[in-house]
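First chain A sits with chain B, and in the next complex the same chain sits with chain C.
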Partner chain A sequence: MRLFLRQLGALVRLSFLDLYRRKDLVTVGALALALLVPLAALRPFGVAGADRYVGEVAMGLIWLFSLVIAIALGARQFPPEFESRTIYPLLARPVGRSTVLLGKYLGAFLAAVSATALFYVLFAVYRGSTGSGWFPSVLWQGFVLHVCALAVAVALSMTLSLAVTMSANLAFSAIAVFGMFIWGGRLPELAVNSPLPAKIALDVVYAIAPHFEFFDLRQRIVHSWDCVGVGVMLVVVAYAVLCSAALLSIAALLFRKRKV
Partner chain B sequence: MSKIIELKDVVKSFGGTRAVDGLSLSLEEGGVLGFLGTNGAGKTTTIKMILGLLSPDEGTVSVLGGNPADPSVRAGLGYLPEAAYYYPLLDAPEVLAFYGRMSGMDESTIAERTEDLLEDVGLAHDAWNRPLKTYSKGMLQRVGIAQALVHNPKLLVLDEPFTGLDPLARRRFRQLIMRYRDAGGSVIFSSHDLSEAELICDSVAILRRGRIVFSGARNDLAGDASVNLERLFLSKLAESGDEEAKEALK
Partner chain C sequence: MRGDLPVVAIAALAASAALAFAFERIPAAARPRTSGGDFLEVAFGGAREAFSSAMVKKADVYFHGGVEAEERHEHGGRGDGCACEDCRGHHRHGEHAGAEAAHDEAEHAAAERRAMGFWSGPYRWIDSRIHTQEHRHLEGTDSIEMIPLLWAAVRADRSNVSAWSEAAYVAAGMMKDYDLALRILAEGIAANPGAAELVCDRGHVYCHRLHDEASAEKEFRRVVEMTEGAVNEKDVRVRIDSMAYLANFAEKRGDADAVRRYAEEALRLAPDYAGTHGLVEMAGKAKKEEAK
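Our next item is the complex of A and B:
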């Protein structure tokens, strides 16, 4: 047990170093968000309008960058290990493959959460400075569900990274994640109004695709609406856990079968 | 003395090619076994089975009294891979710390060992805190040797340890292996560098096309002064039907 935790810790650390040493993703995201501050200060649409507008753009950017980071982190945990053959000295250590998988998943997930938390702090500072309250409860709720979305996104791209090439994985993961995030909620409505073959396809997609739209509280945050009920929160969190666990089970199977 | 490594009638194929073809091999505790053979003879494949990275199609592999596919058996193994690629964004102490943690070492022991080992392998001090992507080939090989030793394993498995090292580094590394052996460790290493192998091994196994064509103690060779390792290597290959080796012997 002690060894297991130690190994998880080491793998998590490795993912963090990877994200922050490369600098690319997080820096771009943080810079983009920081650029919104002068825009807010100029207040082009009057005080209230500007706040809402900038808030909406900022939330959109936060989701965009965090999901891109999550997909990229999940996708690049395994392929470089195989390509540069670092997987050999790693698996020659007293570690099981499922531990390596879990450690890499947790590392990518927590690294994505840390970058997202940084973005939320920037957002809170901006909102607080405009007098809308620093850390309202709805922002916390939004963050928790955002973290759930990251968990599923990392699990998805990590699982696919063990099955298909990097570029196929990135393309497919991006389509699945952003497609569902933006249009997932409208699929049933679309299906009703479609001819039969398309209807079946849309129904199937709705049934099996991970529902990233469930995690989206942007409107409530931007407009300072009420919180979501505790029951709904619990159901959505449970959904994220189940979804990630299912994806990771497939990943474990693929990794165990894989010849190194 | 107990057997540290024991392979019996091991077969491993990739598609149509039999990379390892009925190989039996053993290493006694405290021994240094040189594993020699032509390119593609099956050395790396055998080593991967010893490490539990590959499982044999036929035969049995026993390492440190257990099956290396079992993670706990691998706790006593140190491995230097054939090509030295490690995490390019980490520096040498971070790499050693990573592998040390994977082997369950605590932080203070890791810190101590790191300092000692990087001194021992002679990694230039100004490189210690640079990312590995800035290292030369020999510097990477030194880090590789250090990571194989970091957790003080019972058995060292080295796949071509001398490649990319300058003469001084080779000498240093030879001494490191000797010290490790004197402290009770066992070593199996593959090599193409016969003069280097001659200096450190106490037994050799020569592999050709997945089969052992010679195995014996180093002492048996020393008796006949004219038999150095290169001659032995060529004559054993020639005996097993290798035309190129026959040609070279003439």
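Our next item is the complex of A and C:
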């Protein structure tokens, strides 16, 4: 058990190093600041005091950047290892394939979570400084569900990285994640107004695709709505765990079948 | 080839300078007809209008606590805005008139979904609880949250009169910041000198908010002048509304003839308009007062 945890820890550390060495965070942080600082400094019609629009843009950027980071981290865990053949010494350690998969998954997931946590802290500092409360309960809930979304996004891109090429993976993952995030909740209405083959396809997508829109509490955070009920939170967290587990099971199957 | 590059570059520069010089010489009447605005207006004219309308809609979403119109009225069958008392105040231009039933149906649908059990549709159950669809409005000073969006709307398209009007309404009617409302209207009128609607709005601010009837009367008289011979429905209505205010001021002065004249003109312009009915009623009352 200790060996397993040490192996897992080493793999997680590698993923962290990968994120922070590449300075992706610095890039997205600079981009976010370049967009948000002028917005926050605006005085529309010469009046100050409105901050929801900055909060909405900031939250949108946090979601965008964190999902991009999660997808990219998940997608680049295995392909470079296969290309540079460093997977051989890794598996010859000996480290089991499932340990490698789990370690890389946890590493990518926790690295994405750490970046997102940093974004949320900055967001809370901004909101707190404008008098909207530093860490309201709904922001904590939003963070928890955001972490759930990252868990599913990393699992999805990691699974696809074992099945298709890197560029195809990035494209498919982005379509699945952002497509469901934006239109997931509207698929039933779209299906109702579609001809039969499209209706069946949309119903199938609605039933099996990961529903990223379930993790989106931006509306509640930005417009200061009440918290979500504990029961609902538990259901959504359970959904994320099930989704991630299902995707990782497929990934394990693909990794086991893969000749290295 | 590398040695030829400066020659090619100089030739290209000379050609573009010659073209620019030649273009300057073309008489203005023979040049392509553009709106003549700034670069953004020329390059993104249509996009700016679309962006402006989107910002006005976004302000409406903010007014309703971030809930989209279609979510509010998803099962109401119309999705064209809401018709509760506060919303009628907010959408006072009548574009959402006749949607009272939609509001009730939406409330009913939202209540129905809240009551829906998990097993009758787990995804819908989660969705309806994560994304709120309840009905809520921004009130008082919180209404300032709509101002940046309306500002963006008028910055994107300065001819969007309803955005100027909406911004002034939010400032005066909701934030109670009358100076801000007058500043917005002054800017809007400067950008749209023919917009009688904005002048009428300024009259409202003077009359209802600042209780300055002399200034209000001046504004309403200006509206009547601006809409002389108006044929489109919007201008006719603005004219009748302004005449109703002028009639009211005339009635206070005991000038029954002026009230009668306004009522007659309103009857001629739009006999079915609610404002006309009010004017006719006022004329009848003034006549009775005079008879006494």
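Rule of thumb we're sticking to: the second predicted complex is superposed on the first by the 241 of 260 C-alpha atoms of A that agree within 3 Å, B and C clash if a C-alpha of one lies under 4 Å from a C-alpha of the other, contacts with A are read in each partner's own complex, and residues count from 1 in each chain.
One rule holds for everything that comes next: contacts are C-beta pairs under 8 Å (C-beta built on N, C-alpha and C of every residue); 3 or more make two chains touch, one makes a residue touch a chain.
These numbers were taken from a predicted model, which means no experiment stands behind them.
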First, second, both or neither for A:P94, with chain B first and chain C second: first
Touching partner for A:S84 - first (chain B), second (chain C), both, neither: first
Which of chain B and chain C A:S129 touches, first, second, both or neither: neither
Partner chain(s) touched by A:T27 [first = chain B, second = chain C, both, neither]: neither
Partner chain(s) touched by A:H223 [first = chain B, second = chain C, both, neither]: second
Contacts of A:V236 with chain B and chain C, given as first, second, both or neither: second
Intersection of chain A interface sets (partners chain B, chain C): none
In the complex, chain A residues that touch chain B: 2-3, 6-7, 9-10, 13-14, 17-18, 21-22, 84-86, 88-96, 259-260
For the chain B and chain A complex, residues of the former touching the latter: 48, 51-54, 71-75, 77, 79, 81, 83, 85-90, 94, 97-99, 101-104, 131, 144, 147-148, 157
Chain C-touching residues of chain A, taken from the complex the two chains share: 42, 44-47, 49-53, 145, 185, 188, 206, 211, 213-214, 216-217, 219-220, 222-223, 225, 228-229, 232, 235-236, 239
Residues of chain C that touch chain A when the two form their complex: 62, 65-67, 118, 122-124, 126-127, 129-132, 141, 144-152, 167, 171, 177, 180, 183-184, 187
